[in-house]
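Worksheet for the structure shown next.
A, B, C and D label the chains in the order they appear, each numbered from 1.
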Amino acid sequence: MNMSTVNTARLLITCEDRPGIVQAVSSFLYHQGANITALDQYATEAQGGRYFMRVEFELDHLETRQDALIDTFQKNVAEKYAMQWHLSCVRDIKKVGILVSKVDHALLELLWRHARGSLPCEITQVISNHEDLRESVENFGIPFTVVPVNKDNKVEAYARIDELMQGNDLLVLARYMQILNEDFVNKWPMKIINIHHSFLPAFVGANPYKQAYEKGVKLIGATAHYVTADLDQGPIIEQDVERVSHDCTVEQLREMGEDVERNVLARAVKWHLEDRIIVDGNKTVVFQ
Amino acid sequence: MNMSTVNTARLLITCEDRPGIVQAVSSFLYHQGANITALDQYATEAQGGRYFMRVEFELDHLETRQDALIDTFQKNVAEKYAMQWHLSCVRDIKKVGILVSKVDHALLELLWRHARGSLPCEITQVISNHEDLRESVENFGIPFTVVPVNKDNKVEAYARIDELMQGNDLLVLARYMQILNEDFVNKWPMKIINIHHSFLPAFVGANPYKQAYEKGVKLIGATAHYVTADLDQGPIIEQDVERVSHDCTVEQLREMGEDVERNVLARAVKWHLEDRIIVDGNKTVVFQ
Amino acid sequence: MNMSTVNTARLLITCEDRPGIVQAVSSFLYHQGANITALDQYATEAQGGRYFMRVEFELDHLETRQDALIDTFQKNVAEKYAMQWHLSCVRDIKKVGILVSKVDHALLELLWRHARGSLPCEITQVISNHEDLRESVENFGIPFTVVPVNKDNKVEAYARIDELMQGNDLLVLARYMQILNEDFVNKWPMKIINIHHSFLPAFVGANPYKQAYEKGVKLIGATAHYVTADLDQGPIIEQDVERVSHDCTVEQLREMGEDVERNVLARAVKWHLEDRIIVDGNKTVVFQ
Amino acid sequence: MNMSTVNTARLLITCEDRPGIVQAVSSFLYHQGANITALDQYATEAQGGRYFMRVEFELDHLETRQDALIDTFQKNVAEKYAMQWHLSCVRDIKKVGILVSKVDHALLELLWRHARGSLPCEITQVISNHEDLRESVENFGIPFTVVPVNKDNKVEAYARIDELMQGNDLLVLARYMQILNEDFVNKWPMKIINIHHSFLPAFVGANPYKQAYEKGVKLIGATAHYVTADLDQGPIIEQDVERVSHDCTVEQLREMGEDVERNVLARAVKWHLEDRIIVDGNKTVVFQ
């Protein structure tokens, strides 16, 4: 990590839209001596709209000045505009836990990109409800734990997973084929990313490739979204599709779809780690 | 039209899958003196599967030999394999009627491509439930007729449209914002192509761009399909999508979507005119 | 044009990168009473890098305040940072002249989008070196002039075209198959957009589809770029490609390519009209 | 491998285009008792054109009948049409050797897809001019050998690699950053696939991402091609691109490009293994 990265932070801001916000935030940072390296904003069009902002900046000696910066911003800027806001320092590497079942493509894509340095996080552990992927995960030097889940032990199982995952900033469901219980989901609000193997909202539920085959669609897709208590209904982060034709079997759709899934999931996780996503009700604002 | 085109025909064949079909068809054509210029086949994988074939061939003096060819093929080949089949001669330009309401993008794309020679058909007329597009259509030298439709005159209106459209091989709904009545649909089986302004089966029904906006999808799409009595459920011919972001308004989604719609519809119509599509239950086989 | 549009303006700024620019610009606008509706920035990474900014804002009574605003901004902000900058008011509709030869697809795409209200400009006239497209153009109610060009009259011809085009803000070469002379190009710096029918820098020069066919590429493309004295070498604004296969003839490559060309050109022209492009040496910054 | 796969073979045929070829081939196979499961053909349009065909078929007891089949086909069909042809049995798994330098993404994509069963081949060994990737390769249980190459030992080095690679059906250059010597290339005609990190023919030679950055292109790409003695000029098998923008650094172009490279290479290798490619002069026919 070089000096520039050590001193880089990002502000994510949500508030009611009104004039002067860019000016207020940029003046504050300027007078603190910070250099703005990226700035994105978005306002919904509706009357009394919402305003969203992402600012990336560099500030010398950020580590020692961080606490004071947060206090001052809250008092001098955030209160005036009733902002919900969050500051994250690039130096504070985010911790990520992964949940997986038996299929490995989405998991391996994450482990591999992480190993190559293109996912800025620490992958702390992988938890599965099956033994199958132990060797694949441990080859990367990452702890692997099995927590069996069945219809009789759901409460205990998710309590155990929650306990094991404590300390993580983000959980990723890399094709975890169990439905999380609501209690668990509520403990990790907008902190769980799932990859769904269809172009939602088409083909919710089980066996989307089979549904796609039977419907005869000409494109198959994948959707990365935050997990909420409503199955397959959380805010969509990223989607992509691949062209298919009448002669693809369900199995071929699945194989082609897995390539889409792993790329879509990797992009969504990366954007979360780079603080590019703000949740706006049931939708996401993604600053790229 | 040059000699080669005048003597070109296409066979579309559907039957139960069993050995020898390619051999039987190609031998027949060889012994007739035809030269096969394109051949595509597809068989469903299931036990007792279905077989689909498209053959394009050139045969000298096709016009005078056509009737005999059809008889002989039926007796010598088609009966043996219990084929459903159809021969079309490229020389017999297909006739196309278009139905439209007020928005013009899908209609104009068809008229324009037709004018440039890239849609091999005759566009016989355009029927609308509104006056708005008369000038646009008549500028292309194509007759324009208004047949008003409302909830009280549906039966008469569609009887009138059916009468006006007699003689056409294909009807295209280029954003025709009325639901056809079942009787009309049944008279034109797999002869009506509609463009739906969403990536079906997501967002069936009205206002798909508004639905897409509210759901926060990251891709919007369009679907061209044959019209059946089940609204938005007919066999899909072609689909495509365009990437969108959180800052697109419903209006911008609509504008971007219209570009997808017109390209998807133009491709579907072209494939139909080139005899590239065979309907297989609720799906299509498209030989490209 | 509604009140909001009438009072909307855009600032395009280029200067040396240093801290405080966002703050300076946003403070200036805030104190003028303007509301920033979009803000994009980009800085090159190199030491002593360049900084680029686009700000869109609304300001009541913009028309009467515009001149004072320009003076004050120059004195209070631009001089301090040695900015090159330009203010454009959305109310001042840009004037566009089009040059074309015989093929019509790129031209018609522009005329059509303009007619539908999705190109915010006035198309003042179309000049061609051939008569062929007169009717197509005049059907849209736009003046059409023929200025023949041959190797003996180049100087006079371009002097004539330059004279006819006076008053336009932008010239678009919608498949104009003549090489402009250097003198003409120098009179319209970064004010001429050309569509090249290949994915530059592959296939510079003549007959790119033939070159692509002979090379056996699997994608064909198109490139919209500003015209400079170096043929096919001006700053690239937009590019796109379409997948092709071994069985495409040169003619089919051309037909598929024309669809790419018209979309690429339309996007490039729209971005120019919306003041989204800043030229940075031989490259463009495009704020989308 | 199930019975169907064990008894599946593919015929690749090239000859002069004339009537009767489909009939001759399909009749031959029919009378042998084979069932055609896929058939593709392509004829160049030029006078005295070339004809290309791929037929996949199932034949009971293929293993014991294979030699007789080859003899009979040569005598009864191939000689008559002066065919160049090749029969491959799916049962005979192809052997693949990989050459690599230091960057791992293209290599790992192949190893990983192979491990998941989606590349139908045996990967026999990986040879590199550096030690760096030993562990990554050996983790997959595949032998790894270092053969250093420098300007003084080229002849011996490639003689050594040629010796080590004997018995392979295909060599893959998965970002092997050495220029093969001509003698080596001539020993492996159309049996070496390279991934080039640009959309050829744009950006031949070294540092294509730097070239792309300096040129300001809006799409970056990758090209998989057969290796010939002409550097970067061999027949193109597959290409793809990704959209980029002005704010991508060379490093980011490289990272995005690597995702394109690995997918393009994996597709090209898969098509070769499935006998989908016929080389036609400096171009490829790819039957998908």
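Here is the rule we use: a contact is a pair of C-beta atoms (placed from the backbone, for glycine too) under 8 Å apart; a residue touches a chain by one contact, two chains touch by 3 or more.
Values in this document were obtained by computation on a predicted structure and should not be read as measured data.
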Pair sharing more residue contacts (C-beta pairs) when A-B is set against B-D: A-B
Remotest chain, chain B as reference, centres from CA atoms: A
Euclidean distance of C-alpha centroids - chain B vs chain D, Å: 37
Distance between chain centroids, defined by C-alpha means - chain A, chain B (Å): 42
Multi-chain contact sites of chain A, meaning residues that touch two or more partners: none
Partner chain A, residues of chain B touching it in the complex: 42, 45, 199-203, 214-219, 221, 235-241, 245-247, 249, 280, 282-286, 288
Residues of chain B touching chain C in the complex: 104-105, 108, 112, 116, 118, 139, 255, 259, 263
Residues on chain C engaged by chain A in the complex (per definition of touch): 19-20, 22-23, 26-27, 29-30, 33-41, 43
